[in-house]
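Before anything else, here is the set of structures, which you'll find just below.
Next come two complexes built around chain A: one with chain B, the other with chain C.
For the complex of A and B:
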């Protein structure tokens, strides 16, 4: 009886270790893989519209639903065309710009607001903390889509409004997570040391608190890059995102899902691009986190 | 340098109030090290925190008394002035240097923080290197960019000491600075502190629970028990001729080199009362072999015996 459990552990240990190893390869090469993917997409976003073979919004009903290159299509439309005959490749390139613009701006704005709220709330505490955190709770509890519909119906659908809507809903999760880090950091002895050496609030926050929460912020931010692209997609799906006919990955994915049985390429290409971006940014975040820690142990 | 008079500090939890430090008086003469000795919970750390005004409502209140540093009453200063005093006049050496250094802040920057307002930028680097080297950090110039985790415990403590000393403060407060270190490193740090006192004329308030450490380093000791001073005086006098039964028990509890094998260590029976629990009589009475009815009724006051002072009804001189 006494020996039984340890044998089990030994036997089970082998496949687990093997699995870990293959995962580790992915992890150690994460910056190369994810960096390359992100770089390609970002470059596509910047220069894509210049090299795109067609105008992404030009309708050509004679050539609608053309299959991609290896599936009966030709070089004119390498990734096929959609139901209105628009070139999928050109729309992907145009969509990359919109999607990345939205994602990075949203992450930057909501990250900054979230960090500010978290640091003030966590460090000052008391009434300020209570008020800010109830505000955060309210934001988290409020359905983002509802907010988006309300704002879009008042101000109209535009890329700018998508950014505002997503940032307005996105800061709360940063505030929540980082505030709890600030709370634990605040009681660290090195903060007391700084007080004892005559450091003021602003100094301590700038010198000791923010650098120590930055790694969490970066991890959250990279996760949010993917989430923001997806949210932009669902907004576009509802017709309150990036207004048509302008391309965005989310919008293309949403439109393409209607044609999944007859023209799979409409949903698959933007879908793959989205997934790769999300995966790459998450791996990047993970790698950044482990390498931003000077002890390099985590 | 530092004069603490009738200091009383209470901690509050909900509407409960427990007095952690009860009307204590002592001073730290310029150029000496004064040891604040006592068990855990005797209030010694509270005294150190009070001097730095780190006891804050709603957790704790400094109820009365005065703390004078070079003549000015710290308890009467406003926040901005107190910050200036903390920055310029008081250096703090922490108990656990591993926790007291920011893991993301290179060690050079730690020292630089305290030095920054005083020394011009061009000379600062050299000043930091000189200071660290004088504290026994070798190759300091190459190590300014290192992070705290790349240093051993003893080296971290030297960095922390450098941070405390950088502004050449009037008073150093050390809260059990060797507790987190291993024994050989402890000795090195203690020797370093003693050398600094001699070379620089430092005044130091040294909080410890270890009488043998206090004997090495301190010219005076203040023995605290349950928030009160039970005995104080020159270290040799207090340790060689302890008047208070508590001090006597503490001295008796120091393990000796060369004791016969398997000799039991002498401990003090019972436990120290929780802060503020005993309101009538001598707080040590429940554990005291000499306790009489008078001890349980009336609290003894500090009386002078030779060079030292003790608070006990049973001192025979």
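For the complex of A and C:
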């Protein structure tokens, strides 16, 4: 479960410069491709359920396991129906909303916590820094799937639990990466100048530190959107995420895996949506990272 | 080096303690821990017996110490749904998880190293592009969807390999590939960039000008590449564990992950707390091993 945005960012000092050479087509078109996919995802998340042709949870056993449009199906169910006769397209749009909601809430919460920890840790230093960084390391080392299993076994599966778990683990990589930037920023001359001119801590952090770490924050957040969607999908697939009958891509795949021999479409469409969204978020994050700051990062 | 080892040991211990404490606290937060552990048809007398064995009438800190001392002795109590001692269930499942974990890790590192070095040695050619696409896809496709696709193609359509269960070596093939592809992708990516870096280094240029054979050159590259790759495997252990829960569930592989998910469905908290404890210990130990291996692999670390 890739709850941490990207393992790459944690490997400081590991050579990655050579990464950028080939892949020219995908690299130059990365923002167009991933931007389009992410835009579709966001639109589907916001408006999807409003334009969905059917109720995603309505059971209609007379029309179960209908094939998709181009494989013998009809326009009523463009992507077919599942074993209970629920419309796959409508459920995918509903799943987009769930993933969208989870991803953006998680990114917002863990980004805020991570930024706070990073700024406090990096700027204050000393014992506070040591304690916070040990806590960060421990969080990074702790397998969150186990927390998910414990929560689900006691309180049952719920979307709220998914958000809690992903946010509880997601803040640590923000804290790690941004702290090291704060450390180098606070020794810059413009910070010393500001101190000389009588700038207080809060002023310096708000005026000089935070604006300078924003680009890293955006990169990490973009990567985390994909990671959170992936984790939500895994948890829902295991039955400890978004509880049925609510539509979710992971849950649809779990259901579809029982009907592989008779209804391949149940296991293919949600997987394509999931993979494309994650791929787009990864590519966009990488692209932003290499374009956001011409002097820093790498 | 001693200081470093001690520091890491302490940190490992803290993570395990935190996990065990979370398990303990969560059960108490739920209201009555005896209800979590008891079978649904338990009588008042059963509940009273369970409460007594947990020491629920004692103060909380006494309960905590009782809980810890039992865990240290490997006593995880009785599972009512599986009708067996929990430690027995764990010992039954553990070898399966180790087997799948080991085959996936070997598959991922061998194939990842091979792919990464081949790509770097042929950088800029189509081989390089193929390798990079494999890496990109491997990092974006969810583990469980990959597993489903493998089942769809190799089990449902071609009927070449079994889709479910365990027993023969054939049963290992699909889960190994599904679980290994993600680490394979990151190992390949990292190996490629690390190898390119080494290829450009002065000592490599010197060796080449001396006329050192390709084999010797490769062995030097591997030594230099091993450190970042091992760091990566350490970071990815949590990922691998999560993946193994998913893959074991999908393929019906009777390891710890499947046991945990079955236990969630049956609301068998005795099994859950045991799996969580054992899994945390395993991950933390492996992480510790990774951290300490730097000293052996890189003399520069030892001197610090």
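We adopt the following convention: the second predicted complex is superposed on the first by the 234 of 298 C-alpha atoms of A that agree within 3 Å, B and C clash if a C-alpha of one lies under 4 Å from a C-alpha of the other, contacts with A are read in each partner's own complex, and residues count from 1 in each chain.
Convention: a residue touches a chain if its C-beta (ideal position, glycine included) is under 8 Å from a C-beta of that chain, and two chains touch if they have at least 3 such contacts.
What you see is a predicted model, and the numbers here were worked out from it, not measured in a lab.
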| item | value |
| --- | --- |
| Which superposed partner A:260 touches (first chain B, second chain C, both, neither) | second |
| First, second, both or neither for A:150, with chain B first and chain C second | second |
| Partner chain in contact with A:190 - chain B first, chain C second, else both or neither | first |
| First (chain B), second (chain C), both or neither touched by A:206 | neither |
| Chain A residues touched - chain C or chain B, whichever exceeds | C |
| Chain B versus chain C as contact partner of A:125, first or second or both or neither | neither |
| Partner chain in contact with A:244 - chain B first, chain C second, else both or neither | neither |
| Which superposed partner A:234 touches (first chain B, second chain C, both, neither) | second |
| Chain C-contacting residues of chain A that also contact chain B | none |
| Interface residues, chain C side, partner chain A - complex | 11, 14-15, 18-19, 22-23, 26-27, 29-30, 36, 120, 123-124, 128-129, 132, 136-137, 139-145, 148-149, 151-152, 155-156, 163, 186, 189-190, 192-194, 196-197, 228, 231-232, 235-239, 241-243, 245-246, 249-250, 260-261, 263-265, 267-269, 272-273, 275-276, 279-280, 283-284, 287 |
| Interface residues, chain A side, partner chain B - complex | 188-190, 192-200, 207-208, 211-212, 294-295 |
| Residues of chain B touching chain A in the complex | 52, 54, 83-88, 90, 92, 94, 96, 99-105, 113-114, 147, 149, 160, 163 |
| Chain C partner contacts - residues on chain A that touch it in the complex | 1-2, 7, 10-11, 14-19, 21-23, 26, 134, 137-138, 140-147, 149-155, 226, 230, 233-234, 237-240, 250, 253-254, 256-257, 260-261, 264, 267-268, 271, 274-275, 278-279, 282 |
